[in-house]
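These are the structures in question, set out in turn.
Both complexes shown next keep subunit A, but they swap its partner, so subunit B is in the first and subunit C is in the second.
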Partner chain A sequence: MTTLLVGPFNRVEGDLEIRLEVQDGAVSAAYTNSPLFRGFERMMLGKGPLDALTITPRICGICSISQSAAAALALADLAGVQPAPEGAKVAALLHMIENVSDHMAHFNLFFMPDYARAAYAGADWHQTVLERFTAGQGSALRRAIEARADLLHVVGMLGGKWPHTLAIQPGGVTRTPTARDLIRIGASLQAFRRYLEAQTFGGKLEDFIALGTVQQLEAWTTGDAGLFLRVAEATGTGAMGRGTGRYLSFGAYPLPEGRVFKGGTWDNGAEAPVDFAAIREDISHAWMLGEAAHPSAGATVPDEMMREGAYSWCKAPRLQGRTFETGALARQIVVGHPLARALAAEGGVRARVAGRLLELALTQIEMERLLRDIRPEARFMDQVILPKDGAGVGVVEAARGALGHWITVKDGAISGYQIIAPTTWNFSPRDAGGTAGPVEAALVGAPVAEGEDTPLSVQHIVRSFDPCMVCTVH
Partner chain B sequence: MSQIETFYDVMRRQGITRRSFMKYCSLTAAALGLSPSFVPKIAHAMETKPRTPVIWVHGLECTCCSESFIRAAHPLAKDVVLSMISLDYDDTLMAAAGHAAEAALEETIQKYKGNYILAVEGNPPLNEDGMFCITGGKPFVEKLRHAAKDAKAIISWGACASYGCVQAAKPNPTQATPVHKVITDKPIIKVPGCPPIAEVMTGVITYMLTFDRLPELDRQGRPAMFYSQRIHDKCYRRPHFDAGQFVEAWDDEHARKGYCLYKMGCKGPTTYNACSTIRWNEGVSFPIQSGHGCIGCSEDGFWDQGSFYDRVTDLTQFGVEANADKIGLTAAGVVGAGVAAHAAVSALKAAQRKTQDKKEEA
Partner chain C sequence: MNILWLQSGGCGGCTMSLLCAEDPNVLDLLDGAGLEFLWHPSLSEATGAEVRRMLDAVATGEQRLDILCVEGSILRGPNGTGRYHLLAGTGRSMMEWVRDLAPKAQHVIAVGTCAAYGGMTSAGENLTDAVGLQYDGGHAGGLFPAKWRSQSGLPVINVAGCPTHPDWVTETLLLLKAGALGNDDLDGLARPRFYADTLVHHACTKNEFYEYKASAEHLCEMGCMMEHLGCVGTQAVGDCNTRGWNGANSCTRAGYPCINCTAPEFEEPGHGFTETPKFAGIPVGLPTDMPKAWFMALASLSKAATPKRLAENAVSDRVTVPPTLRKPKP
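Our next item is the complex of A and B:
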């Protein structure tokens, strides 16, 4: 058996290091280390509750709206109110745009460039991938960056700036869009649809979301989606990195009538609502002091001795004592989309990437629908008076999956703040029972060729989860 | 490599046309506040000067600066700058990974010794010997010192590298420390903001690449061309401030009319940045335009100044025009008296600033 230390990973957000044990040309065990700790939960203590709206989004420059939305919901919950309905719609639209931007950035900038590597030279698809996806140069990358910047105009307009938008508040949003704004946003959304249909899918979004089986998916040959499917098949990478078949979603985009994508869990075919009381953050293998706790009672005390046996700053969240995978695929499986359900059993690299593409198409359609629904004359923000003492929870779905903020307030100051980010679920270390985190488990069996020090298979699998390491530990 | 390519060579190789190139030169001149006569000079410099290599490293941060950067205003500007500096080393965007990436960093340092610009996003945490941010098995602070040793100059991107930002908020659990407190023997340009505006980032880097010198800096080490005026000075809601018209509550009638956000905690009067002129996301808006006050994210210590929704009153160090309540009252009463009061306040402000300047110089 040999041991490989893989890292730093590039083209992921933040820092990541993985220790691999390799036996007979395959990974036999993996240990993920999140080597970056900033201590956001500690710095929240003693601050005014509203500070959460400004500080927590700065955990991450990629999914700052997700953090902002979770913080706003936690404060609204603390005050026992619902945001103004039109405000909730604008907040949902802002959040959808960020998630869509993340999905397309992941596909184009972070994931696909791996297939442009020299190791794949000679394959009949390689030239096309080189032209489209060479890191920093490919034509698809350029188009994606441009389309994304255009789409983010909408966030600029509604939120003032992106990243680190301030507009989302517990009572709604600070910006009241005018009828003229809505028309401009509509134009931006139309332009984005044209980009998706011409470049990413090479066909109508409605046709892609109508796919219901793996066979139908495999028959999709157009656009970069088609290119990916062909390459995943040809390289055998699509089947790599199978998960455990347990998926979690907190439910995305709360509107007065319910969440646009409903939440729940899916355990190899069995559906259930999320039992929030059954979440525990285990710290047996994290450089943290204390005991496993529910986030409403948890603390973040770094073990400055970095004790033996522990190997990451990341805590290990578990639901009913078990690991769960979270992300776009999980979300659409929980919603019950036929294609996502068909991919649930496969659960590997292809399933995750296809899940993301599917959601890209679905969310574009939802954004268009939502925009038509916004009434500029209505109230967009209600006054919210926060109690001096109390507790609140805000759960949302970031691009990468389930995100929760748990806040406790005493005498008008924050006395407890715990955050569980999607990548905390996916990239968690082992728990007290020795059960590996979702990525650690998915890496077992990944092929390692002779002489590879940063195995390609491992990179494909890790990136298929779209890790956001800065959120993981925060 | 003995012959380093020129900027123009690189752009041509990236498929950028001559026409686009000239357009870029004019845009740059405009962004930097230079007269049109500078356009040929910029063009000439880009055609003849060897490309300046850039190493971009990430410490304790959230990648928001990179995110802002790749969304730079004019798609062309971003394209050009990206290809121009071609980020010889960038952990987030580059192709290589793992040991190959570390080797690429070393190679770039050796190849361009003394000649490259080091762009730093994020900052090093010094607590526990830097163990809170480890890349490539070593604390980030070591990587930073190593890369800084042979750099020509350093750019501190964003509030993290410049001042510490939110991760340095009390109690600063990791002892996150701004770059200039770790590297003391190199010229450092601070480009604060959380994140900085994309156009400001490309503007600064283009200026350095084109003119081969540092932009003029203010006392705090920020490029004067972007940080010499307060948000308040050029805010489109300023007339409402002067007229004493304020938003009193979220989404009230005054909010819909776009009145001044001072009473909602706007930090525009004490924040030096270009948000109200250049704006965000390709010039479409900025926080005040979205109905939320400025939080002052380009100022040192913005994260620990009490609530972001508290009014900035009785600030002595910068001298805000006055207490908004007072101005509001006078304006509502006798107009003449209001004007007089305002003039008096402005004189007071000037006096305060003089004292302040003296203090800073001392």
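Our next item is the complex of A and C:
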């Protein structure tokens, strides 16, 4: 058996290190380390609860609005109120824009460039991928960066800037859009649809979301989506990195009538609502001190000695004692989209990336629908009085999956704040029972060629999860 | 010129912001200026062992390095070891890596307020002992002492902002490439003066409300946010309202206060971010360069003269009273 240390692991958000044990040309065990600890949960202790709206977005530059939305919901829950309905719609639209931007940035900038590597030279598809997806150079990347910057004008208009807006508040949003603003946003969304249909899908979004089986998906040959499907098949990478078949979603985009994408769990075919009381953060293999705890009672005490046996700053969240995978694929499996359900069975690299593409198309259509539903004559923010003592929970779906904030307030100051981010679930270390986290488990069996020190298969699998390491530990 | 970009103790948001550069997009812009990434965590192909070899080559001087960009603060904890952030795959702290690599670079840029001064990562009890590259909050001397200079003779250039504006980064890089950024082009906190000589207040769309001290009482109202809602746009440096973010926007245009994110210690204002500290009912903190007595006198005068249109709109979430139209000449 040989051991490989993979890092710095780039084209993921933040810093990631993976230790691999390799036997007979395949990974036999993987250990994921989130090597950066900043201590956001500790930073907020003693501050006024509203400060969470300024501080928590700065946990992450790529999921900033997700953090902001979770904090605002936690504060609304603390106050026992709902945001003004039109404010909830604008907050949902802002959040959708961020998630869509993240999905397309992941596909174009982070994930696809691995197929442009010299290791694949000579394959009949390689020249096309080189032209489209060479890291930092390809034509698809350049176009994607422009389309993304244009789309983020919507966040500019409604939220002032991206990342790190303070526009989303427990009572709604700070900027009241005019009818003219909404027309402009509509124009930005149409431009983005044109980009998606011309470049990413090579066809109508409605046709892509109508795909219901793996066979139908495999027959989609146009756009960069078609290119990915062809390459995933040709390289055999699409089938790599199978998960355990357990998926989790907290439900995305709360509106007065309910969440646009409903939450729940899916365990190899069995559906259930999320049992929030059954979440525990295990710290047996994390450089943390204390006991496993529910996030409403948890604490963050880093182990300065970085003890032997532990190997990451990341805690290990478990639901009913078990690991769950979260993200776009999980979200659409839980919603019940036929294609996502069909992909649940294979659950590997192709399933995750196709799940993200599917959600890119679905969310664009939802954004257009939501925009039509915003009434500029209504109020967009209600004033909220926070109690001096109490607790609140805010759960949302970031691009990468389930995100929760648990806040406790005493004498008008934050006395407890715990966050579980999507990549905390996906990239968790082992728990006290020795059960590996989702990506650790998915890496077992990944092929390692003779002489590879940074195995390509491992890169494809890890990036298929779209990890956000700065959120993971926070 | 080549650029090595490292992400230290931060959120990655300054890179995400950089990707929002427009006219042209960031890749075309840097290509066109003759700037290339030796390595960037979000953009480069190289991962793992390839990167470690490249870093070693820079450290030994075998690989030339023109510009080192560091995003995120330097974590010195626990106990001075820097081990709250070991650079993945290397077993060494980012603190040590930056200490080794910075002397090799012609220029060193701290991208964002974390890298410049410590920023949000150093908030609260500063558990991780985070500092900026050459500042610890507002005090000169961080990872590097106050007198430290890069090979070019410049101090660490602080492109502060949380996040920093994409153009602040690209224009700093382009000016360096053109040999057009010298010591005199940096302000007293080593920020490029092309954006630090302006105040966020300039071109704020709430300026007419400011002039008459017509104040918003709650977020989402149109009035000036200085009196009640913590806005320090009259003291904060940045061309946010003249340049615009993500289109032609800014924090104040979206209805929330400027929190002075380009400044050291913005993360610890000593009060809630969206509230104005007051003494005997009067806001503490004056607009930059404004004599106190004059400000008080002018404020009370202008407050007395506030037109009805501004008084009403200030506490409304939209324009309820439009400007009066002039009557046509008889």
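Basically, the second predicted complex is superposed on the first by the 474 of 474 C-alpha atoms of A that agree within 3 Å, B and C clash if a C-alpha of one lies under 4 Å from a C-alpha of the other, contacts with A are read in each partner's own complex, and residues count from 1 in each chain.
Criterion: a contact is a pair of C-beta atoms (placed from the backbone, for glycine too) under 8 Å apart; a residue touches a chain by one contact, two chains touch by 3 or more.
All values derive from a computational prediction rather than experimental measurement.
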{"item": "Clash-or-fit label for the pair subunit B, subunit C on subunit A", "value": "clash"}
{"item": "Touching partner for A:E257 - first (subunit B), second (subunit C), both, neither", "value": "neither"}
{"item": "Residues of subunit A at both interfaces, subunit B in one complex, subunit C in the other", "value": "5-11, 13-15, 17, 35-39, 42-43, 46-48, 50-51, 53-55, 58-62, 64, 109, 113, 116-117, 134-137, 142, 145-146, 148-150, 152-153, 155-167, 169, 172-176, 302, 304, 306, 313, 379-381, 383, 453-454, 459, 470"}
{"item": "Contact footprint of subunit A on subunit B as seen in their complex", "value": "14, 58, 60-68, 70-72, 75, 78-79, 82, 86-87, 91-102, 125, 127-128, 131-137, 165-167, 169-174, 176, 194-195, 249-251, 255-256, 275, 279-282, 284-292, 295, 297, 303, 306-309"}
{"item": "Complex interface listing, subunit A residues touching subunit B", "value": "5-11, 13-15, 17, 35-40, 42-43, 46-48, 50-51, 53-55, 58-62, 64, 84, 109, 113, 116-117, 134-137, 142, 145-146, 148-150, 152-153, 155-167, 169, 171-176, 302, 304, 306, 313, 379-383, 453-454, 459, 470"}
{"item": "Residues on subunit A engaged by subunit C in the complex (per definition of touch)", "value": "5-11, 13-17, 33, 35-39, 42-48, 50-51, 53-55, 58-62, 64, 105, 109-110, 113-114, 116-117, 134-137, 141-142, 145-146, 148-150, 152-153, 155-167, 169, 172-176, 178, 302, 304, 306, 313, 379-381, 383, 453-454, 459, 470"}
{"item": "List of subunit C residues in touch with subunit A within their complex", "value": "7, 9-17, 19-22, 25-28, 37, 39-52, 75, 77-79, 83-90, 120-121, 123-125, 127-128, 130, 162-163, 218-220, 244-257, 259, 261, 267, 272-274, 317-318"}
